Amino acid sequence: MATLLQVKNLTKSFGSVIANNNISFEVNAGEIVALLGENGAGKSTLVKSVFGLLRPDQGEIYIDGKQMAPGDTAAVIASGVGMVHQHFQLVPVMSVTENIILGDEPKDGIFISIKKAEKKVRALSEKFGLAVDPTANIEDLPVGMQQRVEILKALSKDVRLLIFDEPTAVLTPQETDELILVIKNLAQLGVGVIVITHKLREVMALADRVVVLRDGKVVGTTTPKQSDEAGLAQMMVGRNVVLEVSKGAANPGQPVLSVKGLEVFDDRKLLAVKGVDLQVRSGEILGIAGVEGNGQRELVEAICGMRVRAKGEVLVGGMGTKDMHPHAVHEAGLSHIPEDREKHGLVSSYSIADNLILNRFDQQPFARGWFRNMSAIKKNADLLVKKFDIRTTSPAALASALSGGNKQKVVIARELSQDLQVLVAAQPTRGVDVGSIEFIHKQLIAARDGGAGVLLVSAELDEIISLSDRIAVMSGGIIVATIDNKNADRDYLGRLMAGLSA
Amino acid sequence: MRFIRAWITPLIALFIAFAIGAILMITQGSDPVKAYQSLFTTAFSTQEGLAKTFGKATPLAISGLAVVIGLRAGLFNIGAQGQLISGALAAAWAGYAITGLPMIAHVPLCLLIGGFFGSIVGYIAGALKAYRGIHEVITTIMLNSIVLQLAEYLSNGPLKEEGSIIARTPEVLDTAKIGSVAGLPIGFFLSGLLALGVWWIFKKTTTGFRFETVGKNKNAAWYAGIAVKRNTVFAMVACGALAGFGGAVETLGVVGKFEPAFNQGLGFDGITIALLARANPLAVIPGAILFGGMRGAGPTMQFSAGVSPEIIDLILAIVLFFVTAPIISRILKLKNDTTTQVTSGWGSN
Amino acid sequence: SSSSDKAVDESVCGTEDGFCIGLVTDIGKVDDKSFNQSAWEGAQEAASINGGFAKYVETQDPKDYAANIALFAEAGYNVIVTVGFLMAEATAVASEQYPDVKFIGVDQFYAGSAANYSGLIFPEDKAGFIVGYLGGYLTTSGKTAAIAGGPDSIPPVRKFIEGFVAGVGYAAKEQGKNFPKASSVYYTGANAFQDPAWGASTAQQYLDQDYDVIFSAGGKTGNGGLARTAQKSGAYCIGVDTDQWGTVPEAQACLVTSAMKLIPQGVVALIGQVKDGSFAGGNYVGDVGAAPYHDFDSKIPSEVKTKVEEVTAKVISGEIATGVKP
Amino acid sequence: MVGVVTKMTKSVMRSKKTIYLYLVILAIAIAYTINSVSTVAVAASSITFGLPLAMAAMVGIMCERTGVVNIGIEGTLLTSSFFGFFVAALSQNLIWGLIAAIASGAATGLLLALLTVSWKMDQIIAGTIVNILATGLTSFFYKQGYSLPAIFPRWSIPGLAEIPFLGRVLFQSGPITYFGLIFILVLYFAIYHTPWGLRTRAIGEHPSSADTSGISVLRIKYTNVVIAGAFGGLTGAYLTLELVGSFDRGFSAGKGFTALAIMIFGRWNPIGALLAAVFFGFAQALANQLMIDGLVNIPGPFINMLPYVLTIVVLAFSAGKVRGPAAAGQPYEREKA
C-alpha cells in the first residue's frame, strides 16, 4: 500500500497552549485511521493543519510524497483531500446545491449553471446513498441532514484522502451505519480515510488503525483487533473509564412534568408534534428515543417554553406554564440543557463565571436588588468549576476559550446547580469525550436520585437505553410506545423508531 | 503597570499625530512650534482655557456616552445628533417658559425635560427596531434630519423669540442657567458623574448586564429571561435620554437659548469619541477633553500661527487611527488587544 | 496663510501708530465665494489703503464667536469686522466690553447706541428686485424661479428671494404679461448651504419644466444650481452676493448677472471712517445692485438695459417699494 | 444570460410584488395625463436625486456582502470628488479627472481593506477613520479658483430618447448615469448568478465555509472592497463631473450616510437598493415640486422632512425583519474559527 499522507514532527501552539506536540503519523491508500483523544487533545488541530487551514509552527506534511506549503488549503484540495469539519462549514442561507458547489462551480458562460450543479448533486447523492433535497435551504434542514450535505460536499470532488472530524456526532444510529458503509466502500476503492470520533463502538467497527492523542502528543497506536473499547478509553484518558452506567433502581414519586395533548409546528410551519401526552415523575429518567426529525426537538422546545404551543398544555409541578417564555418555565422549576449550546446556552464572549449564572443573574445571591454581587458570582464559579471539573485556566476566562466538552459542562453545571423539579436534557453528551460522558451520566443520575424528574432526549440509542428508567419512542410526531427499561432492546426499539409496528 | 499600559498607546498616538500635523503646517508655510505653543497654552494651561476646553468637552462627552450605551447593547446609534438637538430645544423652552421656580428646582427640571425629549427620539428608533424590525441605522439617520427640520420650524415659529430676526428661542431665565464652580463649568462635572454612572451600571448592575447580554447574544438573552425587545427599546431610550441631557446641559450651561446652528456636529463627534474610547465609558472623558481642547484651540492656532483649523480634524483622525490600529501595540509588543471588536456590525441581528 | 501681504506687519498691532484690522468669519472659510470672502477682500483693501494690517480667524463653532472676537480685541486691534448676522449678539456684547475697539458687523442690524459698533446692512430685497426685474424681461416661457440654499428663517436669504419674486412681478405687469408668480424653493436642514448636488438637481427639476430664468442663492447649494443651469442652452441664471462670474466660472454660460451686496465697499468705507475719526456707530446701509452682464452684454436688448437702469435707480432711491418685509 | 433574464422576468411576473409595480405604473399614468411636464420633471429628478445614493449604496453592498461593514462611503465620495475635480481642472481634461476619481476611490477602499481585512480592526472605527481623514484632507488642501473645462454631456440615445416619459427620464442622461445603472444591474446578476457572487456571499455569511472550500477569503475581500471603492470613486465623479460641475468643501453633504440607510432599506440587494434610492429620490423631488408649485401652504421644514418621514413610514408598514450578511462586521481569522 502506498503512503498517501505523511505528517512529520508537527507542532502547533496557540499562545501558551501546545495543541500538537511533535506529532508524526501516516495514512496509506485504502486505510482507515481513527484519531482518538479527549476533548482538547488536539485532534481537530492536527487535521486542520493537514488540510491547510492552520499553519503549523513546525513540521512537514506530505501528500503523495509531495510536501505541502503550510496554510494552502486550495493546494491541499487540489491534491485530492476532502474534509468533513467538526463545526459545519455550510452557509445557512444558501441552498444545498450552492453549498456543495462552492469553490468549484459548474458554469454556463460566466454564470453558474444551477441546472448542471443540481444534476451533479443528485448524482452524488444517489452514488453514495445519501438522500438530500438539492434546492432546500441549509437553515431549514435538521442537523442530521446538514451533516449529510457536509459529507456530500467533501465527496463532491475526486478525493483520495478523506478526513472526517466527528461526522457522526449528530447522526442517528441508522445514518451512522449508512455512513460507516460509505466509508468502508471508499476505502475499498483505495481512498485513505482519517476519522475522528468519540464513539468507541464506531472505532471498533471502522478503523484499520487507531492513533491516540493525549495533551497534544501521540500516546499510542493500536488496532481494533489488539484492543477493546475499555482499552481504548484507558489509552485516551490515562485512567480506567467506566463505560457501563451503574445506577440504582429508580424511586419514582409524583408526576413533576405533565404534557397534555401537545401540538407544535416546526420552523417550516408543518405540524411536527401531533398530540403528545407524557408524564415524568420525580426520581425517574424518561428517555425519548426516535430518529432525528420526528418531532423530538420541537417537543423539547415547546416544553421548555421556547416554541409556540399550537395546542395542549405543559405542567411543571402541577402548574401550567407559558410558551415563548423559557425563563418563566425555568422559574417554575424546570432546568434545561439546550441542544444548541452556542445559540442559547452560552454567551461566548462572557466569562465562565457569568455564564454559570446566566439565567439567575438577577436573583439572590447573585444580585441584591439592582446590584450584581460579584463576590457571590465568583464564589459560585469557583465552586462549580471544581465540582464539575471544568478545565480552564480561570473562571474569569472567556467561555469562547473552552473546548466543546467543557462548554457543555458549563451549561450542565449551571442547570444542575439550582433547585429543580424537572431536568430536560437535550443531546447532553453530543461531541463530548468518553471521560466527560461518564461524568455527565453520573450527574444526570445524581439529579434523578436527588428527586428530580429527568427527560432525556438523545440521538444515541445506547445512551437512552443505559440511562433511562422508562423509554418513550417518538415517530412521526407522536409517541408510538412507552416501555419500561427492562423490556428495552436495541432491535425492538429500532423497529418502533422506524415507525414499524412492533 | 496596567495604568501605564493603558496610556502609552494614546500618548504615542498623540505624539505621532502632532508630528504629522507639524509637517503639514510646514508645507503650508506656518510655524508649528508657535501653533502648538498657542494650542497648549490656550487649551490646557490657563484657567480660562481649561474652562473653555471642559465646556466644549461636556456635550461631546455626554453624547459619546449615549453612543457607548448603544454599542454595548449591540446598537449603532447614529442618532445622538438628533436626540441632542431635541433635548437642547426642549430644555431651552423649559428654561424660559416655566417661570417662578427657584434655581434648585428649575435647572433639574429643565435637564429632565431635555433628557425626556431626547429619549422620545431614542424611543422611536428603539421601538421601530424591536417591534417592526427596522434597522436603527436607518431610523436614526432619518430621525436626525426630521428632528433638525422640526427644530428649524419651532425655533422660527412657535418658539421664536419675539422681535428676533433670526430663528432662535428666547434666552432661558437666570434660574435655569448652569454656572461654574472654581471657574470650571458645572456641566463638565455632571458629564464626569454620568461617565462614572454609565461605567458603574455596566460593571455592577443587572440593567447593564441585560443590555450587554442582549448586545452579545440575543438568543441566549431571551433564553435566560431577558426581555430582548423591551431592553432594546430601553437601551435606545437611555441613549436618547443621555444625548438629550447633553443637549440640555449645552443649552443651560453654554448657549443660553436654542439656535439651530449652535449644536451642529456634536452628536457626530460623540460617535468618534465613543469609538476612540472603544466603548469604555470612563475613556470617553479623556477623549472628549482631547476633542474639546483641540477644537477650542483651533482659532487661537490660526490667530497666532496662521494655521487653518482643518489641521485639527486631521490630527484627531490620526490620533484615532493610531489609538485603534494595531500598529503601536505591535511594535512595542504590548498585549493590549486593539483589534477587539467594539461594535457588532449590523448584519447578524 | 492668513496675514495679508502688506508691508506692515503684525508687530505694530497694539502700538500707538499701528492700524490693525481683525476679521472673524461666520462658520465657513474666507474663501467661501460668499460673504466671508467679500468681507475679507474689503478688510484687505482697507488695510492697504490705510497702511494697516489685516488678519482673520475662521470660526468653526458658533459658540466661539465671542472668544474669536476677543483674540483680536485683546491683541490691541483697532477694528474688528465680524461677518454674518448670527454674530450680531456676540459683537454687541464685545463692543461694550472693549469700548476702545471699533466693530463692524457685516449683515448685522444694530439696534443699540454704542458709538463703537456699526452694523453694515444691505437691502437684499432691492438687489433681488432688480435682478428679478431683469429676469422678467428675459424669460420667454414666463416661468422664473428662485432656489434658496438655506431656510427662510435667515433674513438675507428670504429678502433676496422675495425681492426677486416681486421684481419679476413688476416686470410682468409692466409688459402687460400674465406670468405666473415666480416660483421659489427653500432648502432647510443640516446641509442647507453646502449641498451643491441638491442645488443642481433642483435646478434641473426646474429646467425640465421649462423654467428659463433661475436665481440661485445660498452658498454652495446655490452655486450648484448655477452650474447646472449653465448646461441648458437658452436658460439664464442669476448669482448672488458677489459677481459670481468670477467665483463660479462654471456658470458663465448662463450667468446674466448677480444680485450683489457691495460688502467690500461697505467694509472699506466703514474702516475709512474709523481711520479718519468719523466712525460713529449705528447702522450703515451698504450699496446693492446688479453685477455687469459680461458675455450677455451684447445679447440683452438695449431698451431692456435702459429699463433696468431706470428701475435700479428708482428701487435704490425708494421710489419703487419692493414690498418685502424687513 | 438570456435564460437567466427570462427566468427573472417570469418570476417577477408571478411574484406578489407585481401588483405594486402595476400600481406605480397606474399612478404615473394618471399623473402624466393630468400634467405631463411636471410628471416627467419629477420622475427625472427622482433619478437625479436617487442615482448617487443608489451608486453609493452599491459600495456598501459590495463590501458588506463580503463581510466588511463600510461606513466610510462618505469619505470615499468626498475624496474622489476632490481628486476628480482638481485633476480634471488642472489637466483641463475630464477623462483624467474621471480616472483620478476612480483611482482615489479605490485607494480609500484599499485603506479600508487594509484596516479591516489585514489588521482586523473594528470595521466601524475603520470607516470612521476614512471619513474624518477624507474630511480633513480635502478641506485642508482645498484651493479655490479652479474650474472644469466642461462637464460630461448628456447623451440622448437615438430612438429611445424620444419615447414619451421614459425617454427623458432614462435615455437623455450622462455617461456615468448609464454606466452606473448598467453596473447596478450587472452587480445584481453577478452577486446572484456567478461564481464570484456565490463566493462573495458565502464569505459575507460564513467565511470559514468559503475558506474550507479552498477559496481565498482574503483575496476576495480585498478585491471587492477595492472595486467597491473604485465604484464609490465613480460616484464621486458623477457628482462633480456630471451632475454639478464644481467642488467645494464638504461636497458630498452626507450622501454616504444616507446611502447606508438606502442599502439596508434595499435589503443588501442591488436592485432593492436602486428601488429604495429612487423612492427616496422621488420623495425629495416630490417635496421640491410641492414648493415649486407653491400650491400647498406648508412650512418649508415640513416639506423638506418628507423624504425622511416617508422612508420610515414605508418601512414601518412594509417591514418584516431584514437580515444583513451574517458575518458583516466581524473580521475573519482562521486561527480563531
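First chain written, first letter: the chains are A, B, C and D, and each begins at residue 1.
By our rule, a residue touches a chain if its C-beta (ideal position, glycine included) is under 8 Å from a C-beta of that chain, and two chains touch if they have at least 3 such contacts.
Everything quoted here is computed from the prediction, not taken from an experiment.
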item	value
Leading chain pair when contacts are tallied as C-beta pairs	B-D
Whole-Å separation of chain centres (CA-atom averages), chain B against chain D	29
Gap in Å, rounded to a whole number, between the CA centres of chain C and chain B	35
Between chain C and chain A, distance of the C-alpha-averaged centres to the nearest whole Å	75
Multi-chain contact residues (two or more partners), chain D	301, 304, 323, 326
Residues of chain B touching at least two other chains	145, 149, 152, 308
Which pairs of chains touch, using the document's own definition	A-B, A-D, B-C, B-D, C-D
Chain A-facing residues of chain B, complex	204-207, 209, 213, 216-217, 219-226
For the chain C and chain D complex, residues of the former touching the latter	29, 31, 33, 145, 151-152, 181, 183-191, 194-202, 204-206, 208-210, 220, 223-224, 227-228, 230-231, 247-250
Complex contacts: residues of chain A adjacent to chain B	306, 325-328, 330-331, 338, 343-350, 354, 358-359, 361-362, 367, 370-372, 374
Chain D residues within the chain B interface of the complex	64, 69, 115, 119-125, 128-129, 132-133, 135-137, 139-140, 204, 257-258, 260-261, 264-265, 299, 301-302, 304-305, 308-309, 311-312, 315-316, 319-331
Residues of chain D that touch chain A when the two form their complex	1, 4, 189, 193-195, 198-199, 201-202, 205-206, 208-216, 323, 326, 334-335, 337
